[in-house]
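Below: a set of structures, written as structure tokens.
Next, two complexes with subunit A in common: one pairs it with subunit B, the other with subunit C.
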Partner chain A sequence: MSASTTTQKGPLAAQLAALSMPAVLFTVAMIAFPFCYTIWLSFQSISPTGMTRFEGVGNYVRMVGDDQFWNGIYVTAYLYLLSLFLQLVLGTALALLLFRAKKLPGIIRSLFISPFMMPPVVAGMMWLVILDPSLGAANYILTSLGLPPSAWLASPGFVVPTLALIDTWQWTPYVALIVLGGLQSLPPSVYEAAEIDGASRFRIFYRITLPLLLPTLVTATVLRSVDLLRFFDLIYITTQGGPANASTTLNIYGFRTGFEFFQLGYASALMVTLSVIVLGTVLVLNRLRNTVAW
Partner chain B sequence: MTEVSETDRWMGRLNTVLLILAGVIVITPTVWMILSSFKFSHEVTAYPPKLFFTPTLANYATLSETTPFLHYGFNSIVVTASSTALGMLLGAPAAFVASWTRITWPAIVTLVARMAPGTLFLLPWYVMFRHAGMIGSYWSLILTHAVITMPIVIWVLLPFFDNIPRSVFEAAQVDGCSPFRIFRRIALPLVSSGLAVSAILAFVFSWNYFLFALVLSNSDTKTLIAASFNFIGEGSTNWGGLMAAATLIALPPLILATIVQRWLISGLTLGAVKG
Partner chain C sequence: MQLPLNLSRAFAAALLATTAISGAAAQDFDWKAHQGETITFLANNNPWATNVLKYKDEFEALTGITLRVDTYQEQQMRQRLLTVLNAHSDEIDIFMTLPSREGRQFAAAGWYRDLKSYTQNAVSPDYDFDGFGSALVEAAVFDDVLTGVPLNIEGPILYYRKDIFEKCGLGAPSKLEDLPEISAKLKECAPDVTAFASRGLKPALPYTFSNFLHNVGGSYMKDGKSNLCSDEGKKAIGLYANLLKDYGPPGAVNYSFYQLTSLYREGRAAMSFQSSNEFPAVMEGGARLEDTALMPLPAGDGGSHPTTIGWALAVSNFSSNPDAAWYFVQWASSPEMQAKLALEGIAPPRNAVAENAGYKAWLSEQPVRQEWQTALGHLADQGTSEVGYPIIQNPESREHIGQAVDAVLLGTSTVEEACAEADKQLNALIERE
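== the complex of A and B ==
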């Protein structure tokens, strides 16, 4: 018996390894190697013609003194925090509405998934037309209501809130469906006990539902953080980081440094920094999830 | 008692009203895009905007004349279908092995790949593909888009493979089946719905992906998404055409997403949430 398992062990392990080999090779060639290569590039200075010179930490020193870098950090943080706040609050509210509705026809669900399954680029094209300062429908609605029109994406002061609003339109239903999943997995017995005790709706939500939902909310925060900290498609298609760099996130700045100004070394340093920010945020949030788990 | 059920009824009505309101807010921009795509050019920029108008298919008809829309569409299909197929070929066996051996690193590596900004990979790829003279080729787009599709396939399929009772594999092994045979003849047929879901989600994400084609394609291999800039450039004078292009680009992912909506949330959240 033991002889047969040991003789089988070899070919078994070899066959399993062979099955996963294509994926491993692909991961090494297209993910792991490029990942390390970028870190190496971030310590180099590369001329547009492809000449490479070791730069040491020069790119990182330059970054600390670069106003554009700090602007990128500021825009990224502003857009991230505003969007995340709106999406969590509105998403939870929408989830509660969906949860109370009990039966949800498939067509309604399709309606709510349509914003976040359409390409962000299409969302950008669509909102460019709606938010057009002179002929767009949004300003028409505002002026009809007696409110002042806005330049929206063309306004340096309002471009980030506008982008946050578009992203919130696109991703709130996603957050809502995640929270809905959390609500549906809560044990009904806790509500019943609270209702028997005569607790008010608000108290039940605040004291029972919300604490039990915290792990789900942290999960939603992790998932949205990863996308929001790398915010790119929608900005690039609508404003390219403008007006006057007011919507130049770190990701946009890194992209433009690399592919418009062809400073590949410095762009790599910016992208390594952004990756550290994203991974760091995810690790911190994962810690947090363990502390709120029940 | 009756008083309580009365307030419950009102709360139920309020709930429905608020839900309809939310639905209207969610759907209105999309409806506006679709409506605008059926407007004549003088009506689409009319101010105040018109809700009622005589619909026309002119914008769709002229799309292939004013822009190489069909050519870009063909590129999108080639890149998306090939990268989905490649992602399935790489990801399905890897997910099977990860589930069998309970090794977690493939899941973690693909998770890191999912979290890192695309530009991080694009910089070295650009240098690599430039050396290989592959910039602008279909292959550069297919390989890079497989970095999007393979992790999706692995994450969607893992729970499907995990759900197969281990006794099935053990019985097959006793009968002398090799892992190759077990994978091909037993495991794959058992996860057929998982294969469909992962292929559809991979297709949608590859179709929607913007950044890689933005840099690695040329005017001949440009995908629809990357060509959006051209449409916006044209669209400053022709909103109807722009909205027609936007509607057509959004159509495939929206239809496919509706098909897999039961698995959508657990697929998108990489299994963190049971939808």
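== the complex of A and C ==
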């Protein structure tokens, strides 16, 4: 390497560093600082009147003995697993339908994917009206068909499945779009070979499509996991965590603890814990994605 | 415990009396004194703010002050407020506040500017601070600090269907303890409608439940301890929860003002115990104008102690323009403005406005409007602003009250189990304070 190249590299590196500085500063200001500040807050006791004192790990110790925390973990996990399962299954099915129906008019395709473009608050208000046990359309349809009405969001046993169904209605098209992208990138030669060998459609799907789609499905899982583990807006609009605490996810519990009950230190500890859960899940899923990559 | 409003008038009178000596200051009052300044108002997107902000240009023309407005729904407004006040930021000069909910907390934190001296020394000649109902003024006083100026008066009242009651041969309920029997008869006679509806949503129900508790003679605290497991407390929890469980709408556990208004307006409830503020929304479309009667919750064994609260307008203690901010408070709570708002169905906190000829003419257009005003008069005379525990952590106390009632409503606990669990949690909360 000549001396002139080395001297040229120095200013180039400096220029590149200067160019990326705004992005670095933005990241630090908008992500790193709030996160570090929340961690610092989680070690404080902050009273509703704003008095602050160092609490050490007291907030985390309190969490272990807090029934509401464990209820939040349970509801978060239940809602996450149920919603994710439904969205992956139905999203894949919808993607296969859209992939095969190549002549489907654009307007129909747009209708299929329109729910996830709707703001969650609007979707929440809409479903709140539809599922109202007294005045809503859902029970009207059920009773018109001779079926018993449901309490939907007002039933402690049915509220989480109902929320999962609403979220599935909204986000299945998003999963379908990701899977559709994956389907379009699959090598046609493999399918040609399978057809020549006389493989059935089900066998082709089970033995070829699904294994080849795994990296795409894991990507969809990662993206949905981040949202589902932080599930908030739909619950906040429809049930506020009720009835009783049947839909109080960890995120809802942390929010209410902080902004309604003014215990910012404890709420920060809850949020740090939730962040660790989200981060841990994403890391595990990313490793899984590497193992299924082809 | 917060004093019943009728007993506290003497306390507020001292504050009101001091305004009498402020006549000289009023004569020197200049609306243009803060011309060119800018103030920021954090508003709750409710009918009061919506209506008053229609006249924003008039305020700016009158004072030369630029008014910036930040409007949010109530919950979001409170989040923003908490963040700003906790940071001691001067970003917000004026905000709407519910003294019955956060008054004690915000006052203890020193977040309110004391408006007492403003009401004495910086008022226009026609402001008439004495004209506010003394009970509402007192409800906004914490530790001798006047935290806000009353904007309205509200509380839960009983909306009921005269036609259904008549069809079923029933008269208006005269005693709280009669409600289950009346509801049972309504359920049998008019099975297509819900006999009794009220709030069931956990954080929202203390607003209506408190009236039940006080009317049966109960109280939230006694000798510094939670008192929900007293005989009266258990009676109130049982009565309220079982009314909703046996005669309430399906899904009552998620009911707040929105569902109650929709249900009653659609003609699907025979009785609905809900906010007086919802009166214009309930009457929207006119379907309920002719067949509805209004009354305070019937008295119980402990008498009649309706829940009476009101929004107030406060100035932040961290405002860099408190004097200009007070000008907005004064303009927005003036007799002239409150008379205009009364015609939009916002119950006036000033006695003089209730006597205003225009307002009286509006009331006389429909008998139900007159009943609404009569019920509000009862709330003003007999009301208590105790919604939840009279502690700094009042919002969290409401959570435990709601949890106890909902546990009985959902059938997951007996009254004894629910009140015992609530008392345990609430005593821990009181101790933590």
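We take it that the second predicted complex is superposed on the first by the 265 of 294 C-alpha atoms of A that agree within 3 Å, B and C clash if a C-alpha of one lies under 4 Å from a C-alpha of the other, contacts with A are read in each partner's own complex, and residues count from 1 in each chain.
Assume a residue touches a chain if its C-beta (ideal position, glycine included) is under 8 Å from a C-beta of that chain, and two chains touch if they have at least 3 such contacts.
The shown structure was predicted, so the numbers you read here are calculated from the model rather than taken from an experiment.
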Room on subunit A for both subunit B and subunit C (clash or fit): clash
Partner touching more residues of subunit A, whether subunit B or subunit C: B
Partner chain in contact with A:199 - subunit B first, subunit C second, else both or neither: neither
Partner chain(s) touched by A:135 [first = subunit B, second = subunit C, both, neither]: both
First, second, both or neither for A:30, with subunit B first and subunit C second: first
First, second, both or neither for A:165, with subunit B first and subunit C second: neither
Subunit B versus subunit C as contact partner of A:77, first or second or both or neither: neither
Subunit B versus subunit C as contact partner of A:288, first or second or both or neither: neither
First (subunit B), second (subunit C), both or neither touched by A:244: second
First (subunit B), second (subunit C), both or neither touched by A:153: second
Subunit B versus subunit C as contact partner of A:106, first or second or both or neither: first
Part of subunit C, among the options 73-81, 289-297 or 415-423, whose backbone runs into subunit B after overlay: 73-81
Subunit A residues contacted in one complex by subunit B, in the other by subunit C: 50, 134-135, 259, 264
Sites on subunit B touched by subunit A in the complex: 11-12, 15-16, 18-19, 22-23, 25-27, 29-30, 32-33, 36, 45, 47-49, 89-91, 93-94, 96-98, 100-101, 106, 109-110, 112-128, 130, 143-144, 146-147, 150, 154, 173, 178-180, 183, 204, 207-208, 210-211, 214-215, 225, 228-229, 231-232, 235, 239, 242-243, 245-246, 249-250, 253-254, 257-258, 261, 264-265, 268-269, 272-275
Subunit A partner contacts - residues on subunit C that touch it in the complex: 78-79, 82, 85-86, 105, 108-110, 194, 201-203, 249-254, 259, 262-263, 266, 268, 392-393, 395-396, 399, 403, 406-407, 410, 412
Subunit A residues within the subunit C interface of the complex: 48-50, 132-135, 139, 149, 151-156, 239-245, 256, 259-262, 264
Subunit A - residues contacting subunit B, complex: 8, 11-12, 15-20, 22-24, 26-27, 30-35, 37-38, 41, 50, 94, 97-98, 100-101, 106, 108-115, 117-122, 124-130, 134-137, 140, 144, 169, 172-174, 177-178, 181-182, 185, 201, 216, 219, 222-223, 226, 230, 232-233, 236-237, 251, 254-255, 258-259, 264, 267-268, 271-272, 274-275, 278-279, 282
